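One structure is given below, encoded as structure tokens.
Chain IDs A, B and C follow the sequence of writing; residue 1 opens each chain.
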Amino acid sequence: MSRLLSVEGLTTRFPLAGVHVPIVDESTFAIDRGEVLALVGESGCGKSMTALSIMRLVPKPGRIHSGRVELLGRDLLGLSVTEMRAVRGGRISMIFQEPMTSLNPVMRCGDQVVEAIRLHDEVSRKDALARCRELFVQVGIPDPDARLRAYPHQLSGGLKQRVMIAMALSTRPELLIADEPTTALDVTIQAQILRQLLELRREIGMSILLITHDLGIVNELADRVAVMYAGRIIEQGERTDVLGRALHPYTQGLLRSMPALATPGRRLPEIPGVVPSPAEWPMGCRFATRCQLAEDRCRREVPGATARSDNHVASCHAVEEGRAQAPAGGEPEGAAR
Amino acid sequence: MLAYVIRRMAYGVIVVLGVLFFLFLLFFTVTSPDDVARKALGERVPEAVVEQWKVNHGYDKPLFPEPGAWTDNMLVEHYRRMLTFDFGRSDADDTPIADRLRAGVGPSLALTVPLFTFSLLASIPLALLVALFRDTYIDRMGVVLCVLAMSVSILLYIIGAQYLIGRLLHWFPISGFDADPRVVVRFLALPLLVGLVAGIGGDVRFYRTVFIEESNTDFVRTARAKGCGEARIMGRHVLRNSLIPILTQVVLAIPFLFTGSLLLESFFGIPGLGAITVDAINGNDFSVLRTMVYIGSLLFVGGQILTDLSYGLVDPRVRLE
Amino acid sequence: MEAWVFSNIVVAILITAAVGLTGVVLRSRMWSNAFLSLWRRRRVAIIAIGFYVLVALLDSVSWVGGEQFGEDAVAKYQAQSILDRAFAGIRERSYSAPLASVEFYGGAPLVHPGRHLLGTDLLGRDVLHLALKGARVALLIGGLTSLIAIPLALLFGVSAGYFGGRIDDFVFFIMSTLASMPGLLLLITLIMVMGKSTFSVCIALAVTGWVGFCRVSRGETIKLRELEYISAARALGVGEMRIIFRHILPNLAHLVIITFVLMFSGLVLSEAILSWLGIGVDGSWGQMIDQARDELSRDPIVWWNISAAGSALFGLILAVNFVGDALRDVMDPRTLREGE
């Protein structure tokens, strides 16, 4: 498969009490054509900020500090504002976590999709509207004609997210960034929408960067997985590797605390302590404050990436030194719901 | 919709009745008709003259309903007169108040309507511009300028403009009014300029806050993610949504166009309702003052109903029920 | 009690209260952080306000008698403040320009040539002295008005928001009634019927400014009431009064302060307009500006009077506006929006 997007050493900083804190710190990962990469982590770990950095939509006062984001070999961070505008919504689309507020409340749904189409293709309003109707059918919106004319508040959360998806797909992007696309929705709707996304990916042949904290969803959808903790990607690899033979103590803890993997009747194991806030991030490995294997070196030195195989990498001194616990995690296939 | 309007108007009527009661307390109990009479006639007139004055002005009844005067008292009389728009005569010079109001509306509107229009036309684009450049030095400069402009007393603006433009530069006459539209433009230029400058700081700052608040919303992020440019986002997505809070301010201001501007009118010699009010203050003319407050609140209540109705027009989420 | 004795007592109370408040602020991490970041952003404005407060305090401590007044038969037996004493006995016969040595009209030599930094007014009073005295009046207007308005607004707003139902309906009705009368007209009317005095100006300003305060505290109380920890406290059977005093009021404190600062400049500017209408407070900057109006049409013009009063007024309002803006950013990024 060919490489679509490669992110190298991406660092995004936010000023916090006078210090510039790297909310995204030296992130490196890649997405191939047609692939679904899941970016996993607890809330506040920098997953959304990674996505916004790729789109160059980091909210102020944050700033992309360094790194490269290459789409088919072209560095997006070096593009002019106008060139970047053509990429956004054209070649990379994004859908957000909050379908309730992500649509403009005073514009009809159809008009919002039409606007997206006409920003990138020179088509008449009528043609754009026709295409919009097709998209609505494609993403599974019942009664599309009425929904074209509806205002967002007249639709349910699930329908709104479908409108968002239709808008994101309207220009046949090469990459879709889905930032917790189903978190705000009912569980039954979640499954429908995720299945739809997979189908659409096959039809259009696009790649997806799926941001989520739900390992169940990852297990069902992802080809590859990257795990983020406190601004850094600490482990990445094929889904079966990461979920089945996790290397990093954090990933292992995360997997153990999943109800589906736990032994019935036993107390759910948890990772001790809490995620440190960005102002309190430790110098060395950021997980050192909660890690049972942490030694002096972990607290001092930032761990480099250790490759277990070509496609499975973890950043952990314990893994590097071979004193990590045996790869943990259940049979991922069996864990699927 | 109709039910909503009726309910809304009913509440408006209750508020107006409340205002009238408050006015009664102020003008008949805090200051009694005797006080008013003495202010009009002088402190040392004999009791009989005061009584006669009260009879002439219809202030000679008992204040509150009491045995024998359940309907024939000042409270009932006050409500009856105000609700039937029978404002009676001025306490100070006996002219019919209604005539004065009719004469004053025209000049007031001649000043306030252009002032209102120009203010909107100037401040909203300026605020959009400042908001477009948010977090840059243009924005910071803009806010500082607004605060500077807001911190100057309107008295200083008026006196300064009259002195500088009227007296030193002789561009426009310092004060006066004329019924001829071609002449009146020259008279209105200075008060318009002053009103515009005095108000623009606060307006721009308010609209800027609204715009910036709207441009931090999720749907603006969506618009950016689909490739909208900043100018298009401001013009299409932010402006439409900002109209909702802005409307409250703007529609509410419309009724007060009728009551004119106290300071501008009296400083620049425009014989509008504002100037009439100032005359009433200087001449202890309580009945005129009372009427002006009443009319002001009538207009305000009407404006509020209008605002609520106009929400339904701009915001598809609002359904008037 | 004589007015000057009362004023001295008030100064003593204010200083004690300020010391006490400083203690509270230093002990609470939230408040001292807020103050620190405010100080970092608006150092100059805070110092400027401090200067105005200092001048006002110097003009509030007064006593009778003293050497400075010499043969002045009236001044000798009146209470004079520290500020008055600093400027004692430098009165001229009439106008003199800043730092002049002769009278402005007529050209007779001055009693104190070159001593009047900002000149003198029609009655020969030192303009710098008058301008400084205005600080006390301005702060008095803002302070006294808030002292009347804030407790009332909190009482009505909190009980309406907390208890809801009939009480809320009643308070809401009072608010809409007061709000529906044009502000400036209501202000004027209140002063006219109550008679012209500092106190009635403050009451009138409080009645008109009260509504905004009340609306804010009512809205915030409704929000707080719905919070989990308050519901939990109620479910545990904590008394209503205890909830209000322990949980609601402390959470309104920052809103009260912000609203106070934002309202303050409006109050002082309104007083200037009232002064021009002849119903303001004696000795205010507004009154100086009003008196100076005719002086601009004299030939040669007398400009220093209005400039001094105008700049003093502008300086205070500007400083307060800047601090108010920063205060809102620091303490409350969302709830309050200007213009509401």
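By definition in this document, a contact is a pair of C-beta atoms (placed from the backbone, for glycine too) under 8 Å apart; a residue touches a chain by one contact, two chains touch by 3 or more.
Nothing here was measured: the structure is a model prediction, and the numbers come from that model.
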Legend entry - Count of contact steps on the shortest path from chain A to chain C: 2
Inset, instruction - Mind naming the chain pair that shares the most C-beta pairs in contact? - result: B-C
Legend entry - Centre-to-centre distance between chain C and chain A (centres being mean Cα positions), rounded to whole Å: 54
Inset, instruction - List the centre-to-centre spacing of chain A and chain B in whole Å, with centres computed as mean CA coordinates. - result: 54
Inset, instruction - Indicate the whole-number Å distance between the mean C-alpha point of chain B and the mean C-alpha point of chain C. - result: 25
Legend entry - Residues of chain A that touch chain B when the two form their complex: 55, 57, 59-61, 82, 85-90, 93-94, 96, 98, 101-107, 115-116, 119-120, 151, 153, 164, 167-168
Legend entry - Touching residues (chain side chain C, partner chain B) in the complex: 173-174, 176-182, 184-186, 188-190, 192-194, 265, 269, 272-273, 276-279, 286, 289-290, 292-293, 296-297, 306, 310, 313-314, 317-318, 321-322, 325, 337-339
Legend entry - In the complex, chain B residues that touch chain C: 14-16, 18-19, 22, 26-27, 30-31, 143, 147-148, 150-156, 159, 162-163, 167, 202, 205-206, 209-210, 213, 245, 249, 256, 259, 262-263, 277-278, 281-282, 284, 286, 289-290, 292-293, 296-297, 300-301, 304
Inset, instruction - In the complex, go through chain B and note every residue touching chain A. - result: 135, 216-219, 221-229, 236-237, 240-241, 314-317
